[in-house]
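Please find one structure pasted underneath; my questions will follow.
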Amino acid sequence: MAWLNKSDTEKNSPRKSLWIKCKKCQSHIFENEWIKHLNVCPNCNFHGNITSGERINLIFDKNTFKELNSNIEPVDSLKFVDLKGSYKDKFEANKKKSGLSEAVITGYGKINGIDVSAAVMDFRYLGGSLGSATGEKILRASNYSYENNIPYIVFSESGGARMQEGILSLMQMAKTCSGISRLNKKNIPYISVLANPTTGGVTASYAMMGDINIAEPFAVIGFAGRRVIEQTISQKLPDDFQTAEYLLEHGFVDAIVNRKDLKNYISNILSFYNR
Amino acid sequence: MAWLNKSDTEKNSPRKSLWIKCKKCQSHIFENEWIKHLNVCPNCNFHGNITSGERINLIFDKNTFKELNSNIEPVDSLKFVDLKGSYKDKFEANKKKSGLSEAVITGYGKINGIDVSAAVMDFRYLGGSLGSATGEKILRASNYSYENNIPYIVFSESGGARMQEGILSLMQMAKTCSGISRLNKKNIPYISVLANPTTGGVTASYAMMGDINIAEPFAVIGFAGRRVIEQTISQKLPDDFQTAEYLLEHGFVDAIVNRKDLKNYISNILSFYNR
Amino acid sequence: MSSKSKKNKTDKVKKNQKPGLRKAGNGLSPWEIVKISRHPARPVFQDYLKLIFYNFIALHGDRRFADDPAIAGGFAKIEGNKIIVVGHYKGKNTEENIERNFGMAKPEGYRKALRLMRLAERFNIPVVTIIDTPGAFPGIEAEERGQAESIAKNITEMAKIKVPIVAVVIGEGGSGGALGIGVGDKILMLSRSIYSVISPEGCASILWRDAAYAPDAAKALNLTADALLKLDVIDEIIEEPSKGAHTGINKTAENVKKSIIKNLKLLSNLSVDELLENRYKKYSNMGKFADKKTS
Amino acid sequence: MSSKSKKNKTDKVKKNQKPGLRKAGNGLSPWEIVKISRHPARPVFQDYLKLIFYNFIALHGDRRFADDPAIAGGFAKIEGNKIIVVGHYKGKNTEENIERNFGMAKPEGYRKALRLMRLAERFNIPVVTIIDTPGAFPGIEAEERGQAESIAKNITEMAKIKVPIVAVVIGEGGSGGALGIGVGDKILMLSRSIYSVISPEGCASILWRDAAYAPDAAKALNLTADALLKLDVIDEIIEEPSKGAHTGINKTAENVKKSIIKNLKLLSNLSVDELLENRYKKYSNMGKFADKKTS
C-alpha cells in the first residue's frame, strides 16, 4: 500500500505513521479503518483513490476478471525531456513503484454474473494520465465489448492527457471515442464511473460519454483546471465547483454512488439490458 | 387589403385613412408606401403580417405554385361555444371575411427553379391558429415532400393551438411533428420561416424543428404568452423578450432575414441540397 | 394494421370499458373532475413508484445544463417487465412542490426525458411515461433555454423511438407540457384525470374574458377521459373510485398496473417497423376535419 | 484499405512534400513557429471566408442555449464544391477578439458545430473545419454547461458523420478546444501553425514550474506541422511563407484552397461505409506504444 502515502496521505507525514489524513475533512483515520472502508473516510465519506487491483476485487465476481493486453506499454516516442528528466525514466520509475505497466488495466469479467468488458484506471501510474498505450488498451477493451456484444464499463481516475506524449496523447481522446462511437451504433451499453479526480482530456472524451455516468461522492470532475479558471476570472472558485455533486446538479452525471454500493448498482443497471 | 385594417393598423383608426400606423415605432406610413415595402415599415423595419397569397407571390416563381388540399376545412367537432358564440360561426365568419378556408395554404412550387413543398400560414384566419384541418394540411404537405424527395418549407404566423378544438388542436402538434420526423429519417431538408407572431403550440412543434430556422426581423417567437410569464414572475419583461433577435442570441434561429431577401436566401440554402 | 388494431380497441372498449366510461361522467361535471384531478391528496408519480414499480433506479440530468427536479425517470420494473419510466414529479406537500416546481418542467426536464427514452432504445426496453403537470413552466429561464424547442424536439423524436411507449395520464395533462412526454403508442387515462390544450382558467380568461368561467371552459374543452376516448385521442380509460384516486389509492394503482401491463403486452408483439408505422398512423389520424371534395 | 491509402499518402508526402516539410522546420525553432502561429496579423477564419470560400451563409445557434460567437459556420462553396464550413473565429483586433472571446469556444459553440455537421449529413455535402484557437474557454460558465461533455460528444459523433470531413489547422490548434472540431478524414496544417495537447506556457509552468520555459516546452511537445506529420497525426502540410502567412496572405489562401480541394476529391471517391471505416481506422491507429509480447 505504499501508494497510499503518495496519493491519499500528506506527503510529508512520515511513512511509519499508521494514520491516514483525509484530504477533505483533515481527520486522521487509523490506516486499518481506512482500508476496511475501501479507502473511504468514515468521518466525511470522502472517497480516496483505490488501486486498479482493489477496484477489480471490489467490482468483479471472485476470480472472474481476466486481464487482456497487459503487454501494451508506453514508449517515449518524442524523447520528451523536462526539468526532472526524460519521460522514459519517469514511466519506468512509475512501473517499478506501482507494479503497473500502464495507467489502466483492461479485461473482461463478471459482475454479479453479468459479462462485461472493462477498463480500470489507476492514479498511481503517472496520475492516471492518458497516453498512447492507455488509449490503445481502452480502445481494445471497448472493441472487446463490440465484438462480444457485452456491456462496457470504464472506471476513470485521471489527471487528463499525458503531456509527455504531446499531440499523441490528445489524439487518444479521438481514438477512445471512436470506440465508444462504435458501441453506440451497435446499441451496446457503456457505463462510465468517475472517481476522484477525473479531469482534462479524459473527462472531455470517454469518461463523459457514458450512456450512464456514475460518480463517486465528492469526486473532482472537470475540464479546465481550477487554477487556470481562477486565473481567467481573477477570483476564487466556490468549494463545490467541479465536484460530483455539482455535476449532478448541472445534469452531467446520473447518480452519485458510494463505493461500497457500486458493484450492485452497476449490476442492477446491467440487468436491464435486453438484447 | 381589408385585412390590413385588422392586423396591422390600429383597430380604431378609421378605415378611410390611407395611413398605416406601425405597431413598433408608431410611425404613420402612407398605405401605398407600406404595401410597396411588402408590409414592412420603411422607418423601423418592423415586418407586419402579409397574407398567404402575398407570401406565395413573394417566394414562388411566377405561376409555379399549385395549391393542394384546399378542400380540407374545419369542423366544430366539440360543438364549442363560448361567450361570443360557436366555433362554427366563428370559422365561417373568418372564411367569409378572409376568403380562406383554413389558416394555412399548402402546395408545391418552384423557388428560383427549385422544387419544394410548402405550407404558408395566414394570420387572418383565426389568428393563424392550429386546428385539425390546419394540421392535416401541414402533414399532407410534408408528406408531399417525403414522397417526392423535395425540400419542405413552412412559413409560420400563428397564435398557437386552436382552443376551440380542445385536445384535438394539441394533438396537431404531434401530428405535424410526426411528418417532420419522417423527413428527418429520409434526410429531406426542412426550412422553417417564423414570422410575427409565432407562439404557443406552433412554436413548440413544427415551427421550431427546422433544419434551418429563419425569422423575420422583430418577430415575436415564444412558447408561453408574455402576460402569463409576467404573472408567474410578477414583473415586467424586457422589451426584446421573445423577439427574433432574442432567439438568435439564445441559439434558436439560424438567421434573421428581411422579407425582401427571403426568396433568394431560401433558394441559396436549397441550392446546397445534394441528393 | 393500425386501423384494424384501432377497431379491435374500439370493440374492446365498447364491451369492457363502457360501464366505467359511463361512471366516469356519471354525476360529475367536467369542472368537478378538474378539481379531483388536482386534489392535493391525489396520488402522484412517486406514489406509483412505490406501489406498482420496483427496482427503480433514478437517472439524472440532460447532459447539457441541469437536472430538472420536475421530471423524474430511470430504470424500473413493473410486474417483471423491465422498462424506463419517465414522469412529471409533483410534490406531496408545499415544500416538495416548490422543490419540484409543481411538476412544471423546464427545457432541461424535457431533454432529460428524451435522453432516458433513447436509453430505453439502447437497452431495448419499453418506455412508460407518467403525465401529471399543470403545464410546462412559463418562466423567463424556460423561454430563454428553449421551452418550445425542447417540447417540439421531444414530440418529433418520440415518433422515432424504436421501443414501445405507453403514456399514462394520472392527474393533470397540461397542454404542451404533457404532450412533451406524451407521444405514445398507447395513451391511457385515469377516469378522473384531465388532458387539455389549455387550462380551463386560461381558456376562460381568454374566451370568456374572466377566469371565473373556468367551469364553462372545462365543459367546452372536452378534457375528461370519456370525452377524449370518444375523440379517439386516448386508447383506454383506467378506473378509479368515483370520488377520485385518493379515496382508493391501492385499487387505483392496481388498475394502472394492469392497464400498463396489458398494453405493453399488446405492443410487444409488434416488430420495430410495425410499431413505428402504427405510431405514425395513430398520430396522422388525430383530429377531425371536413374534406369538402369527398363530403 | 486504410493502411494502403496511408501508404500512398506517405509515398506522396515523401515525393512531393518533403521539401516543404524541410523548409517548414528550416531555420525556425518551434517557439518561433508558435509566435508566428499567434501573430496578430496572421490570417484568421474570416480572411479565408473572404479569400477562398464564397456564397457563405452563416448559420447560428446550438438550439439549446446560445449562439457562440467564438465559432462560426454555415454553408459555403469552395471552387464549385458545396460544403459546410465550421471554424474558430478569432477577431482581427482587440474589440473583435473580446466579442469573439479570442476564438475560445464554450459548450454552445461545440454544440453549434455538431449541429452544422449533422446538417451537412442532411444536405449530403462535406464538412471543412478551420481550427484556430488557444483552447476551449476555461471559465465557470463553460464548465457548468459542460465543456468536457460538449467536446467529448463532438469527438464521438464526428466519428459517425456520414460525409467527408477535412480539418485545417490555420493557426493555433489548442488542445481539446481544437480537437472538438478536429476529428476529420484528413487533417491539414499550415506550415507555421501549431497543434498541441497543451500550450507551451501551460506545459512549462507544470513540468518546468515556470512558464518562462515555454520555448523548451514548445520543442519538447512536438507541436509543429513537420513534427506532427512524422507522427502520422496530420495528413498534409500546406506551404506558407517562411515568415508566416501574414507575409503572403493571398498565396497562402491559394495553397489552403488547393489542399482542401485535393483532399475533398480524394474523399469523394469513397462510399459512406468506406469513409467511416477509414476514419475509424485512422483514429484507431493514432499513437505510439510498445507491444511487449510481439517486440
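Per-chain numbering from 1; labels A, B, C and D assigned in written order.
Keep this in mind: a contact is a pair of C-beta atoms (placed from the backbone, for glycine too) under 8 Å apart; a residue touches a chain by one contact, two chains touch by 3 or more.
None of the values given here were measured: they were computed from a predicted structure.
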More Cb-Cb contact pairs, comparing B-D against A-D, go to A-D
In terms of CA centroids, furthest away from subunit C sits chain D
Expressed in whole Å, how far the mean CA point of subunit B lies from that of subunit D is 41
Whole-angstrom distance, CA centroid of subunit B to CA centroid of subunit C, is 29
Expressed in whole Å, how far the mean CA point of subunit C lies from that of subunit D is 47
Among subunit A residues, those touching two or more other chains are 184, 250-252
For subunit D, residue numbers touching 2 or more other chains are 63-65, 145-146, 149, 153
Among line, ring, star, complete and other, the chain touch graph is other
Each pair of chains that touches is included here, namely A-C, A-D, B-C, B-D, C-D
Counting only contacts in the complex, subunit C reaches subunit B at residues 136-140, 142-149, 151-153, 155-157, 159-160, 175-176, 179-180, 182-183, 195-198, 202-203, 206-209, 213, 216-217, 220-223, 228, 231, 233, 279-280, 283-284, 286-294
In their shared complex, subunit D is touched by residues of subunit A numbered 71-75, 77-78, 80-84, 101, 131-133, 135-136, 139, 161, 163-175, 177-182, 184-185, 200-201, 203-209, 221-225, 228-229, 232-233, 237, 241-242, 246, 250-252
Subunit B contacts subunit D in the complex at 184, 187-189, 211-212, 248-255, 265, 268-269, 271-275
In their shared complex, subunit B is touched by residues of subunit D numbered 55, 57-67, 75, 82, 108, 112, 119, 121-125
The residues of subunit D that touch subunit C in their complex are 63-65, 107, 111, 145-146, 149, 153
